[in-house]
Amino acid sequence: MSGGPSTQPALSFELRLPGHSLAPALARACVDGLAGVCAPERLAAARLIVSELVTNAVIHASKGLPQSVVVELSAGEAGIAGVVRDEGPPFEARAELPDRGSIGGFGLHIVDRTATEWGITHQVGNAVWFKV
Amino acid sequence: MSGGPSTQPALSFELRLPGHSLAPALARACVDGLAGVCAPERLAAARLIVSELVTNAVIHASKGLPQSVVVELSAGEAGIAGVVRDEGPPFEARAELPDRGSIGGFGLHIVDRTATEWGITHQVGNAVWFKV
Amino acid sequence: MDFFEISWDSPGDGCRRGRLRGELDVAAAPTLERDVLQQLADPVEVVVIDLEGLEFLDSSGLRALLMVQEHAQRAGARLVLVPGPPRVQSLFHVAEVVSWFEFCGGTNGHEDGLAGSTT
Amino acid sequence: MDFFEISWDSPGDGCRRGRLRGELDVAAAPTLERDVLQQLADPVEVVVIDLEGLEFLDSSGLRALLMVQEHAQRAGARLVLVPGPPRVQSLFHVAEVVSWFEFCGGTNGHEDGLAGSTT
């Protein structure tokens, strides 16, 4: 048995997506492309977080806008770091478990419980960054 | 049985990759993310072409350079159109079957026989475009 | 791999079961909701959503399942979930909503199975 | 899913077989070449490369297979390929190099099977 990606250096990419309902699936597929340089559990965590953040960017900031959501990811043995940017107005993060009976508001709660670190910065739009 | 992506509008993305040996795999994974909007045979053709063009950009133009290979894809019911850009010096396309005994030079031959149309334009670097 | 599909059957009287396959995200959620509303047009006691074939679930999928639960309750029916594979099941735990749903046939939730509840 | 793996065994005297799994592209090609050179350090008559478990092949993988064929011939051995699934096999056709290789055990190439050639 030989091969395997254990000696590969870090890998990174930048992805521009439209405000399209399939943008989260596309972003998840790109995260899968990092399989060669990081552990499966980390990849699954990054996949979930990216899905949540791209969904938020599409729904709350970029609906219908071309190439307005940007995903940057960088992966190596030490972990995965990422940021999802949009061009929408700034928002305040709320990451607590929603009240029983709520049907929404779970996205950032899931991000908060999946990422080892995360946060939001506001430049042109919103940039939500994370590490796993 | 219900669901399925048949009524989805066109989807596109722009991906920036480093000159890294895993860049082709990453680009292929992103092509897989278009599965929601196009037929499997088209997706497989685009996957192969993108793999060839990104490999060429990495090997012949961008080895080790950060975010220097750009893949743009747009997919819909009518087909997939794409372009792979690098920042290297211009080159002349040669897409014939290499002589018997050759061990390289098959990439553009495969692109030529897989794409319905393709070509090269020279702006800053090389831009190899295709349709399937 | 974006792909989502539901196949419906009736494993018992007053019971409608939808088996999910693929990825339940923001693109797939409307399909699930619309399908369940169609199923609830007839008299139904239990709606079973089987997550065994599901490959991915995020908060948009979770939101759809909560909507489905609400639709079912309004129509006088219960929503029962058949647990999915670990990577799907873990989303309920991460989101801290395992107890918000009635699970059956698995070890990830309540043990009052489907058989008893459909009769 | 970038992933590539080779497992080696000896199905007969003087025969070394490498079964490929995953995607044989520019990142995986050096692994294949290096592995084959290691196998050829011992006296070998036939190197079999089994493509059945391969999921993707492009021109970089094809180049690696041609290099392997050259290495084998230099060491006095033959390279025999076990055909892969259709999406892999189609690459040989698209590249117009089916006849450049000796295939066995399938319908995509020569019919002089492996059994006869390893004894």
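Observations on the structure shown:
So that you can tell them apart, the chains are marked A, B, C and D in the order they are listed, and the count of residues begins at 1 in each.
In this text, a contact is a pair of C-beta atoms (placed from the backbone, for glycine too) under 8 Å apart; a residue touches a chain by one contact, two chains touch by 3 or more.
All of these numbers come straight from a predicted model, not from anything done at the bench.
The fewest steps needed to get from subunit B to subunit D, moving only between touching chains, is 1. Taking the CA centroid of subunit A as reference, the farthest chain centroid is that of D.
By number of C-beta pairs in contact, A-C leads when A-D and A-C are compared.
If each chain is reduced to the centroid of its CA atoms, subunit B and subunit C end up 39 Å from each other.
One finds 24 Å separating the Cα centroids of subunit A and subunit B. In subunit C, the residues touching two or more other chains are 1-2, 27.
Residue positions of subunit B touching 2 or more other chains: 5, 8, 21-22, 25-26, 28-29, 32-33, 35-36. Viewed as a network of touching protein chains, the structure does not reduce to a path, ring, star or complete graph.
Going by the touch rule set out above, the chain pairs that meet are A-B, A-C, A-D, B-C, B-D.
Residues of subunit B that touch subunit A in their complex: 5, 8-9, 11-18, 20-23, 25-30, 32-37, 66-67.
Contact residues on subunit C toward subunit B in their complex (touch as defined above): 1-8, 22, 27-28, 31, 35.
Put simply, subunit C touches subunit A in their complex at residues 1-2, 23, 25-27, 56, 58-60, 62-63, 66-67, 70, 87, 91, 94-97, 100. Looking at the complex, you find that subunit B touches subunit D at residues 21-22, 24-26, 28-29, 44, 47-48, 51-52, 55, 58-59, 97, 100, 102-104, 106-107, 109-110, 113-114. For subunit A in complex with subunit D, the residues that touch the partner chain are 1-5, 8, 32-33, 35-36.
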